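Okay, so subunit A shows up in both of these, paired with subunit B first and subunit C after.
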Partner chain A sequence: MKKTWLRDYIIRRLLYAIIIAWGILTVTFVLVRIGPTSPADKYLANLAARGQDAAQVIAAVEARYGLDQPIYAQYLNYIGNLVQGDWGWSFSTSMPVIELIQTHWIYSFQLILLSSIFAGIIGILIGIYSAVRQYSRTDYIATFFSFIGISIPNFWLGVMLILLFAVQFGLFKTYYDTSLPLFSLANLKQLILPVITLGTGMLAGYTRYTRSAMLDNLRKEFVRTARAKGLPERTVIGKHVFRNAILPLITIIMFDLGSIVFGGAYLTEIVFGIPGLGRISFNAIFADDYAVVVAITLIAAFLILMINLITDITYTYLDPRIRYD
Partner chain B sequence: MTKRFGIRNLALILPALLIGLTLLLDIFVIETIVEPLVYLYIALGGIFIIYVISPLYASRRLVNYYWQRVKRNRLAVAGLGFILFLILLAIIGPFLTADPTAVSFEEKNIPPVGFTLKESIYELETGQFITRTATGDWQHPLGTDNKGRDLLAMIISGAGVSLQVGLLATGIALALGTLIGVISAYFGGKTDNILMRFTDIMMTFPFFLLLVLIVFIFGANLAIIVLVIGLTGWTGTARLIRSETLSLRTREFIMAAKALGASDGRVVLTHLVPNVISLIIVIATLSIPGVIVAEAALSFIGLGDPAVTSWGMVLRAGQQTLDTAWWVAVAPGVMLFLTVLAFNFVGDGLRDAFDPRSSL
Partner chain C sequence: MKETILSVRNLKTYFFTRRGTVRAVDDVDFELKKGECLCLVGESGCGKTVTALSILGLVDRPPGRIVGGEINYDGINLVSCLPARMRQIRGREIAMIFQDAQSALNPVFTIGDQIVEQIKLHSEKSHRQAREMAIDLLKEVGIPSPDEAASYYPHQLSGGMRQRAMIAMSLSCDPRILIADEPTTAVDVTIKAQILDIFQRLKESRQISLLFITHEMGLVSEIGDRVAVMYAGKIVEIASVTELLTNPIFQHPYTSSLIKCLPGITQERERLESIPGTVPSLIDPPSGCLFHPRCAKAMAICREKEPPPVNVTKGHTVFCHLYSAQGMKK
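And then the complex of A and B:
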């Protein structure tokens, strides 16, 4: 009974994800097509600047992008190529976009992972404490700082951290050093400022979400029952309140990933010169390298789609209340 | 009732006339090149009068009651004060300060009032490094950047840009989000399904990356940036308004309107939308900071309108001169931060005031 129900749900959810993925591809295709300049124009302008023969270049570009074909064929080609893993050619770096992404994704990943750990642990702990001691002095201070953390634009925070700790005090280098091995203390050290930059807004958000999720559950009757049974406060908070608060918390944290974290990481990478996906998209913008900019937006959207899918399925699996809707 | 309709009709006719007139001027009198933003201003102004000013005016007692509740939140009042100050600064400031784009290399890197800076500069005539001491004076209260541009003038210009983008883009996003949300909930079924699936698709795009992509494709221009933020930022609003409308849809006054033979358009525009106005006002105040930061971030990475001086652009210039002129990076960020904080405080205050459960 339970097994078939869950399987049906997963299949339905997967089909739905495929529809959304198709929608994402279509929206991007339409955007690129209705734009005032076509990818070929930008490509051409760039090649013409290097003094190559125009006629040859036009033929090559049109064949490369399939611009000589009717629009529905272009559309089918576009989707077909992406599905088969051909994400286009980056002329500014002279390599396939997919290879570019394969060499750079790790930098974005380490930044987002470390920031999430930093923000998650501290934010959730402060949030729990704040909720348990509601209206205490600590609660007020935490609320105040979470307000500031949410309001501070992260790219400015990054610039200020560089100004203070790198330029004035000289504790850090002002620029990210790619020659350091990824798994080394020196690399970890140079990620401190970027992680604070990206993590502060996340931390403030997590503190607020945890606090309100905990407060929602603290007022429930089963908490009173647990206390009446004489359970120690630790168990009441840890087992009864927090366990119930964690599910909505995870959903909201996953939702933040798309709206706040990816954009924040993009800017953080630019501020600190970390060669992640945000930074290569930024470089591609100024090189008019169409394929890269489109590909990175697509990848971020697909990641969010996948994360949402996994969150939804796990949520349904873990929370028996949803299953009978 | 009749009085309210007077204002409503006026608010409908006046912007339409103004838009028509501006359009005619724009097309036939070649000398007046009207900025595309002007049309947006007029159209959104009309919507604002119909759906915000006129209902607020019609229910002055309620407004007074809510104002008493908001007033008790001191942070919200402070935030409101700062926003009013910013609006005044953006309107009056440009007349009082120098041209923010005026370059003067004799006056470069002057620190703000109260700061002195020693820097060694290379002198062409002698070929030697000399130490120059620059002291801030009241001619440039916030100092100048490495091209000698007055920082105060740039900040004031940026305030105007940020407010314009914030208000206009939020206006578009809210109008669109409300319409989609209300229509989705009111008609339900297939309409709801299609609109909400489209909302899901738009929500799956990371907001800032989508902005970057579209501005990259269509070019960096203030009107385009406003439109793009407006046309992509409506998703959250649509969802909130939809769920609010779903609970309104079955209420008696809607059924009564339908029973009296009101058309769907009339039910949506005169019965449903006015009833979600308090929610819209809260969403508006809480979305403006996000929009302002998004614009600043776009300018910061070099995708802003190069024709206007915005905070993001000044910050971008400031990051490149952190070791020689730190104040250039500090000032625009502080303003940005305070603006965001102010709108967040006001939005929170309004939300609490409108929430009947909160005991203020």
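And then the complex of A and C:
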């Protein structure tokens, strides 16, 4: 019974996701092309220095990448290539976009993963404690720091952390060193400041969300039943209350992952010079590297859509009352 | 004379709120005997539920706290016993059924899992044995196809079935005392009769001592052996059910009004009786007898002095100046 409607639902959602991603692709594709500059300008600057003729260079470059064609032709061409798995060519780095993404995604991934683990575990634990000991001193302190954490812009926090711990105390390097192997303690160490930068806002948010979700459920009657059964408080809170509190939490955490985390990771990568997708797309925007900008926007959009879908599916397993029709 | 299994002595449970101290249970005294059903009757907000929660130490603290009295069970005082001992008693020796099974059951676990959890908590049984036991219990309380029902979530069951599941869960560790807090209030009339029937059978088959809380005088005659009438946090009358219902001479005026409020099927009546006035504030209670502002038979002394317990016949105690030495003198 459950299986069939869930399968139909997933198929329907995937179709929607493709349509939405296509819409986002189209908008981005047009937007980057109506800007006042052209990638040919960059070539121009380079080649003019070597004494070549400007008009010739522009024409050559535009012909080479199909930029002399009308925008709809470029668009159809791009879609045609994309469907075949060709993400286009990065002008500024002189390599296929797909290769660029393959080398750099891991830097973003490690940052987001570690920050989420850091913020998730600590935030949820503090939130639970705050709710159970509502209005205690610990609760007030947690609330105070949560509001600070939520209010601090993470690029500012990143710069401050660098100034204090890297420049003043010399505990860390001021930049991200790509020569270190990914799975090494040294790499983990150099990720400490970036993870704190990206994770602080998330942690503060999770603390608040967990606290309020726990408080909502702590007052429910089934909590009294659980105690009347003779269960120890640990089980009452950790199993009966938390299992209900996790439902609203998941929505918020997943929503955060889409907006705050991706946005935050972008800025954190720029501040620390981490060569992740955020940094790549930042560089690509300034270099008018159309294909890279469109590809990374498309990937981010698709990831967010998938996260939303996974959230909704997870929900059906966590809350037996939910059914999507 | 039957053996006493639970005795509540001068229990006082107060709630400390911003608006003042609410004396939800104030000097309550009663005994529960082995194998009997004691009904605790009274209007909403008179302290019945708080009395029950006090027994299991489940009063929310803050704002509530047991400020005085004793609850003696099996040689220990539950008011001052260690939390670890209390947890052993809860569910295993004294179990409780709540009014609204819909909100009292956890929505995200199956009925079977919730029962199994309690069995495994208090015994060494394997998961499989506990599961089989849970299914047997569901069968005992009259749930059709108990095998299937065990894998249902609370929202998939009807109100009556949920209440049965709740009863099955409370019985899972074969408790000596069962506290039922208005178990029939949230279900409709036909289901109510079936649920009462379950309790009736439990009394006979399991020799369980039952503390049955209700606001319906009508249920008392069906299920109760003895009855304690509560008003505004105090017990006003305790008697056997037959004595209380058949001997109106020594009734507390409040009990009489409660009985009068019952809609009769045989008698033709224009409209339902009701007791004039409202339940007094428990923050700022009236002086003397708490019922005097609403009592048709109130005398001068009722305003001044709290009525003492009067033993009118054997096992029948009334807290009323109509029968007290001081009240008679005047």
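Just so we're on the same page, the second predicted complex is superposed on the first by the 272 of 325 C-alpha atoms of A that agree within 3 Å, B and C clash if a C-alpha of one lies under 4 Å from a C-alpha of the other, contacts with A are read in each partner's own complex, and residues count from 1 in each chain.
Here is the rule we go by: a contact is a pair of C-beta atoms (placed from the backbone, for glycine too) under 8 Å apart; a residue touches a chain by one contact, two chains touch by 3 or more.
From a predicted model like this one, the values you see are computed outputs, not experimental measurements.
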item: Three-chain arrangement built on subunit A, subunit B and subunit C clash or fit; value: fit
item: Subunit B versus subunit C as contact partner of A:A300, first or second or both or neither; value: first
item: Of subunit B and subunit C, the chain that contacts the larger number of subunit A residues; value: B
item: Partner chain in contact with A:G238 - subunit B first, subunit C second, else both or neither; value: neither
item: Which of subunit B and subunit C A:G80 touches, first, second, both or neither; value: neither
item: Subunit B versus subunit C as contact partner of A:L318, first or second or both or neither; value: second
item: Partner chain(s) touched by A:I19 [first = subunit B, second = subunit C, both, neither]; value: first
item: First (subunit B), second (subunit C), both or neither touched by A:F282; value: first
item: Superposition-derived angle with apex at the Cα centre of subunit A and sides reaching subunit B and subunit C, degrees in steps of 10; value: 90
item: Shortest CA-CA distance between subunit B and subunit C [superposed frame, angstrom]; value: 12
item: Interface residues of subunit A shared between complexes with subunit B and subunit C; value: none
item: Complex contacts: residues of subunit B adjacent to subunit A; value: 197-198, 200-210, 212-214, 216-219, 289, 293, 296-297, 300-303, 315, 318-319, 322-323, 326, 329-330, 332-333, 336-337, 340-341, 344-345
item: Subunit A residues within the subunit C interface of the complex; value: 220-222, 224-232, 240, 243-244, 247, 318-321
item: Footprint of subunit B on subunit A - complex, ascending; value: 19-20, 23-24, 27-28, 31-32, 35-37, 147-148, 150-153, 155-156, 159-160, 162-163, 167, 174, 258-259, 262-263, 266-267, 270-271, 281-282, 285-286, 293-294, 296-297, 300-301, 304-305, 308
item: Touching residues (chain side subunit C, partner subunit A) in the complex; value: 53, 56, 58, 87-92, 95-96, 98, 100, 103-110, 117-118, 121-122, 153, 155-156, 169
